[in-house]
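There are two complexes below, and they share chain A, which is joined by chain B in the first and by chain C in the second.
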Partner chain A sequence: MTATSIVSKLSDNQVLSPKAKDMVNNITRMAVIPLLGILGFLLLWSAAAQNIDTSLGKFPGPAAVWEQFGSLYEEHTTERGKEAAFYERQEKRNAARMEKDPDYVPKIRAYTGKETFLDQIATSLVTVMSGFLVAAAMAIPLGIAVGLSKTLNSAINPIVQIFKPVSPLAWLPLVTMVVSALYVSPDPMVSKSFLNSMITVTLCCLWPMVINTSVGVASIDSDLVNVSRVLRLPAMTHVRKIVLPASIPMIFTGMRLSLGVAWMVLIAAEMLAQNPGLGKFVWDEFQNGSSNSLARIMAAVLVIGFIGFLLDRGMLQLQRYVSWDKSSADR
Partner chain B sequence: MNWLKPFKRALSATVISATCVGVSFTASVVQAEELGYPEKEELRFGFIKLTDMAPIAIAYEKGYFEDEGLYVTIEAQANWKVLLDGVIDGRLDGAHMLAGQPIAATMGFGTEAHIITPFSMDLNGNGITVSNDIWEQMKPNIPKMDDGRPVHPIKADALKPVVEKYKSDGKPFNMGMVFPVSTHNYELRYWLAAGGIHPGYYAPHKGDTSGQIDADALLSVTPPPQMPATLEAGTIYGYCVGEPWNQQAVFKGIGVPVVTDYEIWKDNPEKVFGITAEFAKKYPNTTVRLTRALIRAAKWLDENNNSNRPEAVKILSQSNYVGADYDVIANSMTGTFEYEKGDKREVPDFNVFFRYNATYPYYSDAIWYLTQMRRWGQISDDKSDEWYKELAAKVYRPDIYKAAAESLVDEGLIKAEEFPDFATEDGFRDPQTHFIDGIVYDGTKPNEYINKFAIGLKSGDKI
Partner chain C sequence: MSVLLDISHIDMVFPTPKGPFTALSDVSLKIKKGEFVSLIGHSGCGKSTVLNVVAGLYQATNGGVLLNDKEVTEPGPERAVVFQNHSLLPWLTAYQNVELAVDQVFGKNKSKAEKKEWIEHNLQLVHMDHAMYKRPDEISGGMKQRVGIARALAMQPEILLMDEPFGALDALTRAHMQDSLMEIQAELNNTVIMITHDVDEAVLLSDRIVMMTNGPAATVGEILDINLERPRDRLALAEDAEYTHLRSEVLKFLYEKQRKVEPMTQKKATATANESKSEAA
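On to the complex of A and B.
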């Protein structure tokens, strides 16, 4: 017998008032069932893990992964300690040099130690968000223009349709080569590897946003367009007052889709191009082949999933807040 | 042809005798009385996850880089190609390289770029591992000691019947090595050929860079950390790779190391530290300073009869360096090597970082790799002995090493007798006799050396 049926039997009990019954139902649906689901998954996972023998030892169960979360955090704090010591040494060295060589202008150099798991998470998040924002800045205006003009639409549509299904990873080698050819500066503001991942993310974020925005703009209620015509609104005002508000739900749908894709692509791109971030963490651990590697990779997998989930929820909240069409956010 | 360019250039220039070559390249390094501050302080070095990257890790962890005023970031690379490209395009300032990489790059085999090396990173450290299945088939052909364990070194003669069986069944006998110009490729070829198994020729002038012409055993490239997994998957039957990936196979129970490179060629040069010639020219102080830090790290690794090795293993097992388990790395780094599971033998010189002048960039080491490139057709035409020496002098830079070593001696950090005697050192080791097939190598006569092999191209041969 499943948990649902037990709970529904309980709530069928006549003692409960209809209101209380609703509440019980809600709590069941919102908390108890998901918890049971997770519990079931954990049980299945540890049972399965027991029976998988890899050449790196047993497949990690939940306990082993939990332990690795602890050790990853510990590594993070040790590394921070080393970082503080690094800066202290550097200051002493700079001071010593200043004494010898008064013209010397001391410069504080960034910590050269390894990136911890938490640093990698931060790097990945920054990369995905910048790639996404750059894409949005290009895709939304383009989408609006395409949605407004049938001619432009027919001109751009074939290109969009061809590039949309391309796996962004196919872009990666091209991006890498182009970036290293064009982005030459002795003291670069951002690193090449960051640019590589960011541009790859941008390239795959663009298309869903362009398409959704243009569809949203093209399908504005003709009444609204007519109102704008009657009022003789100038072009920019038309876009600002009529087009944008009317197509916000579709634009956001496109953005949510894009962000989801972006996150998945970023991890793969980091893995392939050895750019800093969670993907590199996973790949490095795989290469290490130590007895903890699998548990660490599993920990990273859970974190990646959880962050992906949070990003999606975040976009959803933003959409609810901005959009007039509250129902569109629930789709 | 790209690789002909330096040759033609060298010919058109005045013919430089071998002895002046060493001197002629000293000019570009400033040998100031006191070493100046580094011109570039923030550096990024690449490495591949192998235990012989240890000098870089130790120079960082022990603060030797910082002592020189260098702030170094150390970054693992996916494979040797990515690493080399990184150094060439400036993403990396320097890297842990295969000895053949700077030579091949300067010559123009593969990506062309002028890479130099002021510092040789280590001696030995590789092994050849075969899968359990192949090992079972080889075992009857190997003589036994009184206690029933096989006699080492195991020659490829024991593998020959197995390869022949695969060949007559029409099955390809695949083996893995890490890079076409890697020490592992040449060592594996040397071992196979010494046992009468043909490892195949390259023919770059015909566009064939697979190295499988006339081959009995087909060699292909796999990145070091993926070797055990590829062996386990059955894609290859054996491989030649650096540590810890041979010991990893023993731990995982998927293969058996049959021979170490120490047994193929005692005290063979292995990795070097590569930088571009442009970097060395633009930042002379930085170059000398990073060489100083690496020399100190190498010395630390071998100090007091390897007593620092356990600490080094602990550092290397961190996930940002080699990252394999402590026990796996310790097996080879602390003077033992485990062949078949349980058959652990003493190999005190399995990894040598400083003893026997391991860090000095000998021209003769570079020339040995060049002779093997010629032997297997990567250099498709005959070259004069002078050509070998000139190319070696272009890549190997004992002048930078000398500047670094002498300043360390002046500061009292290392004693002069721990280095070669720079006044008399000509960059050629005495003829070396410790090869598995007993052939003697004299670096001053490369062409004569090539003609000694039964399998391989000789003077005048062309594919």
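On to the complex of A and C.
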């Protein structure tokens, strides 16, 4: 007997009060059906996987991928263990030399082991968020200015329209060259590869945010603008008290759009430029070509999807928290 | 009493893609302090345009508006506007909406406590003190309009401009609001210009009714003095001969002298004129 039939039997049961019936229906809709969907997908996947033979062996099914999740985590803990051991050895060595020669200045070297799957996830997340925040810091003020001034809009619009359809990956070579030419410092705060990835993300986040913010600002109810005029609100107060709150829903639409695109673009950029992150992990596994590689890539694919989902949900929660217009956050 | 507001020979011409459209032509009106004046006319006749010129939201093409002998060139809180669609900021509570106005008008002249008292006083005046901390989407249309009136009153304007303030409300709520407005008027004796297309509302509330001719090139047709005793009671007035006479005067003007015959082509012309107006706004 399947779960739904049990549930429907339960809800058919006259003993249940209408309220309990409602609850059962809700549980069915919210949990049971999605679970069934996932189950169906897993079955299809494993059936299909068995019939695909690649040069790296059979296409990984759910079980193989699950196994790789385990071993990826194991590798991570082993690597951390090695790192801890390395620092312990280094400390002991330094302490021993200090005892012999008090003038000795201890050298501390950083551990240079390979980055684990979890490290790559962290790198990608930090990169996407920094690129996104930099873009927001530029795009939202610009979008407000463009939305308020028709002149500025006419000046900027053609540029935005030309750059908007450009895949940020096309920028990547240019960004790489410019960063390596201009970002020269003996003690760099962040690595060049991080900067390349981040700027690429920023470039792709910029346009949707500028456009949505400016449209939001330009479409403010003229009555609200008149209220501000009658009150003679100074320009900055007008922006703060009227323009910004009124366009918050549109600003968030732009932010959610661009964060989604940014996450996709980042993975591709990391693959292409060999910058650390999930994209590089995927590419390295592909180049590695062991019998486990495909399963490990599939694990990465699932993680990428899940993180993308979480990022979007996170923005939605933030919007619910910040915006006065709760209905627009439900879309 | 002296003249507070002098609308002097204003013309209003809107540029449209089909050439200039003359909405108002030579509108003149003098309003005394404490007077309640209604502007009535068919829709599209330019009533709102007159109000917007007085508010300073539009600039008259010719002529001008004097308030206390000073020319009006821009909007300002001394000419507070009650908009038709309440125009409350939806992200602020009733209290905060009024507060925005009070902060702006009395910024440095009132202490924090005084401001709070003044905001609450104005919300009490419109009987909204029970829902001060509700947001516009949590209260009814009539309540929103009450808050809109409280916001305008809180600016302590020289003249209160009301643009079909009760036009969007149902008949019962509207009657309620009219009674409230009369109550407030008895207490504060503000100078008011109100746009309306409701004959009963105009006769009930006004000291004078300014009837406007049909556009394009609308102007003041007739002015009717309403000398009914105050306080006025709508039930008693319903059978009052003077009231019935005044009411029929307005009706005669609107439906005999300024009867609106609209061939299809003219309708289109006014429609484009309205569009261009909203663009200009």
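Going forward, the second predicted complex is superposed on the first by the 298 of 331 C-alpha atoms of A that agree within 3 Å, B and C clash if a C-alpha of one lies under 4 Å from a C-alpha of the other, contacts with A are read in each partner's own complex, and residues count from 1 in each chain.
Going forward, contacts are C-beta pairs under 8 Å (C-beta built on N, C-alpha and C of every residue); 3 or more make two chains touch, one makes a residue touch a chain.
This one's a predicted model, so the numbers in the text were calculated from it and none came from an experiment.
Contact with neither chain B nor chain C is seen for A:Leu125 once the two complexes are overlaid on the shared chain.
With both complexes superposed, B is the one of chain B and chain C in contact with more chain A residues.
When both complexes are overlaid on chain A, the residue A:Lys192 reaches chain B alone and has no touch with chain C.
In the superposed pair of complexes, A:Glu285 makes contact with chain B only, with no contact to chain C. Using the contact criterion defined above for the overlaid structures, shared-chain residue A:Val227 touches chain C, although it does not reach chain B. Of the two partner chains placed by superposition, only chain C is touched by A:Ile242; chain B is not. Contacts of A:Val261 after superposition: neither chain B nor chain C is touched. Comparing which residues of chain A touch chain B with which touch chain C, the overlap is empty. Considering their complex, residues 221-224, 226-227, 229-233, 237, 241-242, 245-246, 248, 324-325 of chain A touch chain C.
Those residues of chain B whose C-beta lies close enough to touch chain A in the complex are 37, 41-42, 49, 60, 63, 66, 69, 71-74, 76-78, 82, 89, 91, 225-226, 228-229, 232, 248, 252-254, 317-320, 322-325, 328. For chain A in complex with chain B, the touching residues are 55-56, 75, 89-90, 93, 97, 101, 107, 109, 112, 114, 180, 192-193, 274, 283-285, 287-291, 293, 296. Note for the complex: chain C touches chain A at residues 55-57, 74-77, 79-81, 83, 85, 87, 89-91, 100-101, 104-105, 135, 155, 278, 281.
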